[in-house]
Amino acid sequence: MILPLVILYVVTLVYLSITERFRTYASIIGLQGWILFGVALLRLHRIDLPELLFISVETLLFKTLLVPALLFAVIRRTHIHRVRTSGSSQFNALLLSVGAAAAAITLTAAMADGNIDRVFFGVALYAVLSGLILIVVRSRIFSHMVGFLVIENGVFLFSMAVGTEMPFLINVAILLDIMISVLMLGIFFMRIGNKLHADDADSLTNVKD
Amino acid sequence: MFPYLLTALAAVAAAIFGAPLRAKAWVALAVVAAASAWAGSTAIGVLADGAPRILWQADGFLLGGGGGSMDTLSALFVLLISLGSVASVLYSHGYLAHSLAEKSPAHVSLHYTALTVMALSMLGVATSDGGYTFLFFWELMTIASFLLILYDAERRETVRAALAYLIMMHIGFVLLVAGFATLDRACGSADFAALAGYFAGRNPLPLFLVFLLGFGMKAGLFPMHVWLPQAHPAAPSHVSALMSGVMIKTGIYGILRVTAQLADLPALRTAGLILLGCGIATGLWGILLASAQNDIKRLLAYSSIENVGVILIGAGVGTLGLAAGNDTVAACGLCGALLHTFNHSLFKSLLFFGAGNVLTQTRTLSLDALGGLGKHMPVSALLFLAGAAAICALPPLNGFVSELLIYLGLLDGIAAGSGVPAAAAGLAALALIGGLAVLTFTKLYGTVFLGAPRTHEVAESTEVDRVRIAAMALPLAGILLVGLFPQAALDLVVRAAGALAPEAARGTASLPPVMTAVCRTAWLLIAVTGLLYAVKSRAQRRRIRRTGPTWGCGFTAPNVRMQYTGESFAEGLQSVAASVAPRSGEGRAVDKSELFPAAHNFDAEHKDRIDALFAAWWVEMLRRINRQMMRLRTGKVNHYVLFALLFLVTVFLLSVFNLIR
Amino acid sequence: MMTTSLLNTLLACGVALAIPGLINRVRARLAGRKGIRFAQHLYDVRLLLRKGAVYSPTVSALFRAAPAVYLGAAFTALLFIPVGDLAPLLSFDGDLICFAYLLALGRFALILAALDTGSSFEGMGASREALYGALAEPALLFAGATLALVCGCTSFADLTAGALFVSMSGMHTAVVLLLTAYVLLKLVFVESGRVPVDDPRTHLELTMIHEVMCLDYCGIDLAMIKIAGWFKTAALALLAADTALMAFDCRWWTAAPLAVLLTGAAVGVVESTRARNKLVRNTTFLLTLAALAALVFFTGYLLQSDIEIR
Amino acid sequence: MLLAYFILSVLIALATFRAGGRRTVAMLGTAFFAVQFALAAALFRCGFRGGAEALFFTPDALGSLFFVLLAAVSALVFIHSRDYLADCAIADYRRYAALQMLLTAAITGAYFANNVAVTWIFLEATTLCAAGLVYFRHTEHSLEAAWKYVFVCSTGIAVAYLGILLLGTAATGGSLGYEALAREVTHGNPLYLKTAFVLILCGYSCKLEIFPLHTVGVDANFAAPAPASALISTGLVNAGFVAVYRIYRIMMQTEAAPWVRSVLLLTGVASLAVGAFFLRRTNNYKRFLSYSTVENMGIAAIGLGIGGPGVWAAVFHTACHTLVKSSLFLQTAVMHGIYDDYRINRIGDYMRINRIGAIGFLLGAVLLLAFPPSPLFVSELMILGGVLADERWWLAALLLVLLCIVIYSFVSRIVRLCYQPNQDAVHRPAASHRLAWTALVPLGAALVLGLWQPEALRALIERIVTI
């Protein structure tokens, strides 16, 4: 049951690289939240109940509900719906994404170690790389935010792969991470929107040499 | 040792910063004089009994040793440094007096602190055993001298020159680090003494070359001399004197120290040839460019390069003598090199002080704007003349004694039939250098001090204060002492040479009679000349003496602008040596076809070809790289993250292709 | 010892006084004239010595002292030169260098004196003198080095001391020594300002070298400069003569006449038959001379190595 | 002990948020730094040998060394800030003071954490506190810088987290404590370790201010008030260093060690290059000093990269860099008070306007460029010597060129500041020397360290370095 979920997750990542509409981004982040929730339930059933509850509630609350809701709110507020075409064309983005996938697969394949589920690592790495690529090729702050969330989700996915072994600190860290993402969305929502009246990253280039 | 140094530095800085503006020079002088007196007396003690003294013992945790000791070689350099530093600080009082009001007191304090630190660090360099302590003092000396050059930091040229100096010194420093680190890795100690062990076991040439380049950077070895002619005109004159007269000698010191550790005969021979070759190139290049210069201090700077060349010729001859087992040649070469080092510090200080006098009294250093200063500043002119004659190695002054020793080494080598071609090359170069030095310094002295003043300001200049004259008298005393009593000087350098090579000390038996004869000749020359002058004056007293205008060869309306300028004086040589020092300049000279020339404005300048070599391609390359790098500064978050992605990809690819393991 | 040295000095002075006379005589004869009397130059100098002086307001004390330095240096230089097998008054290892630098001292003084007048003509002459002097230096030292190489010693006195070159006889050595003498003779032309380098009889200041430098001198000063010139000429001439004779048998009674005859005849002949060089060609002339000296030196070196191999 | 420290510190910091007046803030600050120095004294009493382990913290030698430096620098910054921010509203000031205290406490947490994850958590916490300081001025610039800082740091740190998790999986025991990791990871899969290391290094580079994520640190220093920059580019950078160094030490016991060193060399050289080239072109003194931090941390990374004596040098370099850089940033604060500008081409003649400041700046520059009597001279000499003794000529040549560029750019700028005739005709107010001592004290300390490293300090670093 986990494998289809993971595959679906990968598909969302690929889709992220080619889509250009912010609403789609927000939906996909939401979908990833649900997938992660599913994986958490399936993967972590072995650990004791309170922690399982904690994690699943956390995932449900933040990743599936709050974050997508905030994203949608931002879109509504700023009335910006598409990425700027100035970044890179869809094809190039897809190419980069495929490259990242290839790198992730190479590295995963080279890790001849059955210690953990290798697939998780590969997918997480792919997620991190696609998040970075997303940040690099798209120039709007919204896409940067989404890129960060993708990285976040990737790390979360991997943490569940190892989570059975070291739960407590992982939980704290994940919680902090999620808080940060929410906080950033908050800053984005409250401050930058107000002050700069645009979510264009190009306007955030005054601080340089 | 370092805690004491810390306390000393803090105390000196506090004293100088706390002193009133005019008294800062005296505080610095007191400190430098005290240190010099102590170091000098120790040095004299060492030279007297020949036994090395251990001065301090620092625990060495880095690059081997941290000890300091003084053998006879160090003692000679300590003596030289002490004299030069005291004279410079003494001179600075009067030299800076007129500019104190324009500067911030903090800046003046900084200058004097740096001056003191410079003197102390040079003493440290000359007495360190090697390794960390040596490098420490070496770099301290560099940074102190850098701050000293910056006295007129408002001027852009000054800053540029100081920076060029600093960068070149840093390159030299890294080379020295390379040398000491290699030594440390191989022998477990980075003392100079450990070099002997290193050289004995391995191919000594690479390390020797690394040290030669590293020290050569400081000494102004061709083609690494380019900083000298830039830094000296930029620096205040007492600093030029200190740097040119004393500091570059630390480079010589290092080269000699390293060479002395070579024991293997073929290696010695190669080293000797390298030194001789470097000396010939440096000397000729220096004098050819010196003769072309039209700025007093630039000219003096090139002349320093030339003298470094002469010193290296001496060192090369001495080394070749050692290699050939000819003790006399070795003794002559090494003693000559050492004595010339000492002598050069004397007359070059004197000449730079003289240039400083000219600058403060006339506000210009351009040869072709000066003239006739001899009548307005008679004492300075006389002192400068002594320096000029000494640097041309004319008897009966000190330059002659040291060059004679080097020549003797060359001639003895030829007479003994060992290494004849090399010696002949050295001889020819030295002869040409000597001849051109006369040309250069007659040009300098003649255009600046003789004839009629070319500008109004020059005509109104006056003599400098007594303190400065006293500061100049200090090196003059040395010049006369060495020139007129060469036996004593020889005795001194023979002991110093003994620390370099014991064989050399054995080969000096034939030298004392020569020195006695030189002494006799010198006095005879003085006596004959004095007698002739006295007789002439006496005879003329009874005759008619009239004053009339200079014979104009029939031209009835001569003016002061028609005098032969420095540029025209050296034109004959420049037509031969145009490939070395191409003339560039603004304006156009009068053409041959112009029968009735209109007004022409022509400003000639002679560039050093090596300058272009150093400035051109790699600076341009760096600038281009820099410009490309600047494209990265977009301020975009995308690109910030792009760096990370690129980094990951690079590491990934490098690992995949096994480029990093 | 002392007496021979004094004799040596006297002889050298005699040579110095004789050479200009002979030159004049030779020149006159070659031109088909009877010529002035042999000692005319001495009378001229006596006349000068009796005169007063005119000084330019531009000049400083240096100008007045320069002739004394010039003459003093030239005289001291002469003291190093042995006449044949006589011992000179001054001698030490490497006195060759001292000799060269004493000449340089004289030149230094005279150039500065010329520059002191502030005259552009004198500056011109000084500039030329400085350049030619510098370029002549390698030739002189190469000649000295050749002597050192051939004889294995570095002082003039030892060179001519006869006993030294027992092992050195032979054609090779003779050739090298004669060539060296030739170089030295050419140096006489340069150092004493003779055709083809300089023409002492010219009346156009623009083309003068040595003469233009002393334009402002008169009276005793000029006399001293002239005498110094004789001494310089004599010193180099004696050196050339010694070198030439070293190949055979070097005695004072051969060396002194030879010096006078050689120089007198050579200078006289050349001045009668050749024109002065164009000034720009002087540089080439001097460089060629230096190259010749180097060539002689290396010939000597090769021959000597050859001898040693045998 | 450590727990008490954290509780007290955080409580005081939280109380500062609610302080009523400047006097209260000052009192709270005194209390806060009393706590800091009490801890420092306690650490000193047990000879930095590490007392009792408290939950996730171990006061070991490494943490203690940097903590002492942090406490000193932070206290100086606090004192300096009081005057620097004399004319801003109390609400702003107390927020600033509280954030500074929180940042100090968070950095301390990162120093002493004995667990990879805890270090990570505290580093994340520092991001938040530092962002608050960066956003202090509420200008567009500071907002932008704060946003970039938070965003890129969070991204970086998320990436680092992936590395940490991977490191955890490489170790078999399931604990993320450093000691446990060091024990278990020795025979771990090298590929895991390498991937983990490169991800962690890449992520932490935003704190350590080395390539690739050095940019945000520079921006943050630029936008933050100058005294805060002093803390960010020393204490916080050291936190990054400590975090990377602890991982580095673990890695040194594994098969991946040579690879790790190569990666560090690569990073170091890249940082040095970036620092050097950007130093050359930047037109703002604070950015300028930040790039110098990039460059110096690059040198430290190279030190770690060459191993052997280089590690000692790297630790020493970082420690001494703290002193010099904090002094220089505090001096820019003074400079700002005079010129109200940081632009290099607009200000000059400092030597006349503020003598003490100019001398301090010059001295600081000399020390920072590793000329004797600088402590950095010792470390750079060791690193250079190490590179050269290993006969890595290309690396040495590259270092030489880059260091020359650094020296050139740095010196030309400092000389301009001190001597270039002032561009504006405005008459400058006479500088107040009241706070000069805050900047000069660390400089003096650096000077002392340059000439004389106490045996105890050497032994301490020796202990940090020995595995």
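Think of it as A, B, C and D in the order they're written, each chain with its own count starting at 1.
In the analysis below, contacts are C-beta pairs under 8 Å (C-beta built on N, C-alpha and C of every residue); 3 or more make two chains touch, one makes a residue touch a chain.
Only a predicted model underlies this, so the values are computations on that prediction, with no experimental measurement involved.
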| item | value |
| --- | --- |
| Winner on C-beta contact pairs when A-B is weighed against B-C | B-C |
| From chain A, the most remote chain by mean C-alpha position | C |
| Chain ID, smallest distance between chain and overall C-alpha centroids | B |
| Intercentroid distance (Cα basis), chain B paired with chain A, Å | 67 |
| Distance between the centres, which are taken as Cα means, of chain D and chain C, whole angstrom | 77 |
| Inter-centroid spacing, chain C versus chain A (mean Cα positions, whole Å) | 98 |
| Centroid spacing, where centroids are CA-atom means, of chain B and chain C in whole angstrom | 35 |
| Chain B residues counted as touching two or more neighbouring chains | 630, 633, 635, 637, 639, 641, 644, 648 |
| Of all residues in chain C, the ones touching two or more other chains | none |
| Touching two or more other chains - residues of chain A | 107, 132, 135, 144, 147, 204, 206-209 |
| Pairs of chains in contact (touch as defined earlier), listed by label | A-B, A-D, B-C, B-D |
| Complex contacts: residues of chain B adjacent to chain C | 371-372, 374-375, 378, 381, 385, 389, 392-395, 400, 403-404, 407-408, 410-412, 414-417, 420-421, 423-424, 427-428, 430-432, 434-436, 438-439, 441-443, 445-447, 450-452, 510, 513-514, 517-518, 520-521, 524-525, 528-530, 532-533, 536-537, 539-540, 543-553, 558, 560, 562-564, 568-573, 575-576 |
| Chain D-touching residues of chain A, taken from the complex the two chains share | 107, 110-113, 115-116, 121, 124-125, 128, 131-132, 135, 144, 147-148, 151-152, 154-155, 158-159, 161-162, 165-166, 169-170, 172-173, 176-177, 180-181, 183-184, 187-188, 191-192, 195-196, 204, 206-209 |
| List of chain A residues in touch with chain B within their complex | 87, 103, 106-107, 129, 132-133, 135-139, 141, 144, 147, 201-202, 204-209 |
| Chain C to chain B touching residues, read off their complex | 49, 51-60, 62, 64-65, 67-69, 71-73, 75-76, 79, 90-98, 100-102, 104-105, 107-108, 111-112, 114-124, 126-128, 130-131, 133-138, 140-142, 144-145, 148-149, 151-154, 205, 215-216, 219-221, 224, 280, 283, 290, 294, 297-298, 301, 304, 308 |
| Chain A-facing residues of chain D, complex | 115, 117-118, 120-121, 124-125, 127-128, 140-141, 143-148, 150-151, 154-155, 158-159, 161-162, 165-166, 168-170, 172, 174-176, 189, 191-192, 195, 219, 222-223, 278, 281-284, 287 |
